[in-house]
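Two complexes, one shared chain (subunit A), two partners (subunit B, subunit C).
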Partner chain A sequence: MFRVARLIAAKDLRVELRSRVVTNQVLPFAAIVMVMFAFALNSDAVVSRVAPGLVWLATLFSLLILVQRSFAIENADGATDALRAAGVDPSGIFLGKAMALAVQLAVLELVLLVSAVVLYSTELRVGGIVLLLVTFVAATVGLALVGTLYGGLAGGVRGRETLLPLLLLPVVAPVLIGATRATESALGTGGATVADGWPWVGLLAVFVALFSVGGTLAFGPLIEE
Partner chain B sequence: MDPVVHLSNAVAVLGQFPVLAGVNLTVNRGEIVLLQGPNGAGKTSLLRLCAGLLPLARGEAVLLGCDLRTQREAVRSRVGLLGHANGLYADLTVGENVRFWGATVGASKPEVQAALQRMGLAQRLTDVAVSRLSAGQKRRTALACLIARRAELWLLDEPHAGLDAAARDELDATLRDAAAAGATIIVASHELERAGALATRVVEVVGGQIRTPYGEVA
Partner chain C sequence: MATPDIETSATAASTRAGTGTTFTRFVGLATIVGMIALGVFGLLLSPADVQQSDSVRILYIHVGTVWIAYVAFAVTALSSAAYLWKRTTSLTWDRLAGASAEIGVLFMALTLLAGSLWGRLSWGKFWVWDARVTSTAFMFVTYVGYLAVRGLGGSHQQRARRSAVVALLAVLEIPLVHFSVKLWRGLHQDSSVADRTHVNLHGLMLFSLFISLVAFTLLYVWLLMHRQRVLAMQDAIDNTGLDYALQQRRDEGDL
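What follows is the complex of A and B.
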């Protein structure tokens, strides 16, 4: 399973490096969303207060594009069918695609965090660095797992472009809430302390555990349908 | 005789609709069998059943010595299906595609190189992106992927579609070589003249069943 996962992840990342969709389309999209939020709120105090939520909202919007792209490269020339017909372990496909998605999300989130510091005058605290890092890792892995699972579910049906956001956004609400609260604690937004953030990291960890097990088991039957 | 495909009264259903209604067919190693018949006769469904993509509702199906009902994954890993799509990644090069599909079964570098060589892709085309290939070159790349995957049973759905005359000749030569090397090939095609000349046996599919040359259900 892990050999297949490494193979699929390497293939997906190589495809992205060649096509440069993340760098040429998704990153500018996410940056534009951040700028638009700043224009819409039009107040330094408000923007600074809600910056963590805006970072994660921009991440979620970008996740939708990344997931659709991840499955579009499989469906473009019938590779999904070819993978099934070749008997490639579906659990390996799931984990591999999630790993590739997590790497792309991590790059995106780094850019978004820097944008938040620059655009929203967000301050990073030394004391919150560990919490911030753990939050970003847990939320990234959680989003990648659930994005891959629902991308596989929507990938084989008609109207997948509109169906994916409808299915995915309600499910990732716990990640949005948990990651936002933990990021607020790490940054000290609104007087939150670092200690306030760890229970939210626990929520993210439960989410990751749930979707890593559930996704690994469910992905095979999902792409068979 | 070494039967690679043995279907006995095989029935497959899509939704409520029976797409294969009791197929009896035996194909031996090294044969090239042409499936002919009108649109909707069940040719593609028969290929997908043999590939393990369409569930067997009733009857018996033994492929490469494995029971399709209980050993589907074992069958899949030894069968190569090439449908209307090629299953290639357009942004990757020819070499990267063949390496990827070979790696799914743990193929070594020399095996991948041999697959590229056999398809005439090893010299100029290895480092060319699939998106820049002609239809014939893409078909050859897809066949190289089947070879790298060590597929023993090749299931080809309209393999000549979209190819020019030279590419069709190349494809036929490739399939004859593969059969001579021990692969068993089942081709579904409407191009009876060309595919018929290639095949060692022609089988007629009508209404989800195999017909004998005398029009009876096999």
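What follows is the complex of A and C.
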């Protein structure tokens, strides 16, 4: 299962390295969203107060596009059918695609964090670096797992990409809440302390645990048709 | 119907003219009686509340509808599990899950509507960011998504397996959303406005609530039986429709 996962992840990342769709389209999209937030809120004080929330909101929007891209390459030329026909373990496909998605999300979040520092004058503090890192890893893994799970469901049916946001956004609400609060603590936004952040990381960890097991079990029945 | 000869794959439901039976008529009559009783007790006999005055009467609807929504979603989850379990797999479970989810979404919408009207009167706001209110809204959206998944198309078996998995994932998701929203509110708001547990209920009010639960439960059972049979008929039409088309093509070949 893990060998299959590694192969699938390597394949997805290789496709991205050669096509540069995420690099050339999704990253600029995420950056423009950050600029748009500043236009809408129109206040330096407000923007720097809500910066952690905006980073994660922009991540969620970009996640929808990344997931669609991830399954567009599977549906083209019936790649999923070929994988199934070859008897590839669906759990391996699930974990592999989630791994590739997590790598892409991590790059995206780094760009968003840097743009928050540049655009919203967000300041990183040394004491919160560990919390910030753990939060980003946990949230990224959680989003990648759930994104892959529901992407497989919506992506398997042609022309039904519109369904993905409706299914995915309610599920990732806990990640938005947990990751935003933990990031606020790590950055010290609104006077939050680092110690406040760790319970939220716990919430993210529960999320990851539930959906790594649930996703591995559910993905097979969802894609085999 | 013009094609009585090819109804071979139709289920028992399609051979009936309607979805009513003696039992559903009995339940339907009981529902009407229950609703009239609810109207009489809720609007006339039960007293107005000391603090909320007449707006308390909205709760006789609100409590009944939210109860049905929860029951309906629980039935959806159990039927979905029954479908996925190999020893009990049957499209009847799938249709039961679908019918129940449809009713659940309807009653959840009514719950949110009645709740926001009550909130406007009691709290001065249609919406408060209370954990229970917020996670209820998420539950509503989740099952709207479930119904959308049911409508994706494909064979009946594809629909059944896909939607059963989504229904079970919803069981995983909803407690997590509720828990995280509760944590979120817990750290930002000292006390919840929705905490009504201290209210001491008048005997007639309690009785009206009881009637509400009974009447709405009867309504749910009645709707569920009819809706499940309608879905069975739709599936049967899909099947016979295909047979009919095949038969037509064969007839063309014979000419």
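Convention: the second predicted complex is superposed on the first by the 222 of 225 C-alpha atoms of A that agree within 3 Å, B and C clash if a C-alpha of one lies under 4 Å from a C-alpha of the other, contacts with A are read in each partner's own complex, and residues count from 1 in each chain.
The definition used in the following text is that contacts are C-beta pairs under 8 Å (C-beta built on N, C-alpha and C of every residue); 3 or more make two chains touch, one makes a residue touch a chain.
Remember, predicted model here, so these are calculated numbers, not experimental data.
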Partner chain in contact with A:V137 - subunit B first, subunit C second, else both or neither: neither
Partner chain(s) touched by A:M1 [first = subunit B, second = subunit C, both, neither]: neither
Contacts of A:V107 with subunit B and subunit C, given as first, second, both or neither: neither
First, second, both or neither for A:F207, with subunit B first and subunit C second: second
Partner chain in contact with A:I73 - subunit B first, subunit C second, else both or neither: first
Larger contact residue set on subunit A - subunit B or subunit C: C
First, second, both or neither for A:P221, with subunit B first and subunit C second: second
Subunit B-touching residues of subunit A, taken from the complex the two chains share: 3-4, 7, 11, 14-15, 18-19, 73, 76-79, 81-88
Subunit A to subunit C touching residues, read off their complex: 149, 153, 157, 160, 163, 166-167, 170-171, 173-174, 177-178, 181, 196, 199-200, 203, 206-207, 210-211, 214, 218, 221-222, 225
Residues of subunit C touching subunit A in the complex: 84, 138, 141-142, 144-145, 148-149, 152-154, 158, 161-162, 165-166, 168-169, 172-173, 176-177, 179-181, 183-184, 187
Sites on subunit B touched by subunit A in the complex: 51-53, 73-77, 79-81, 83-92, 96, 100-101, 103-106, 129, 149
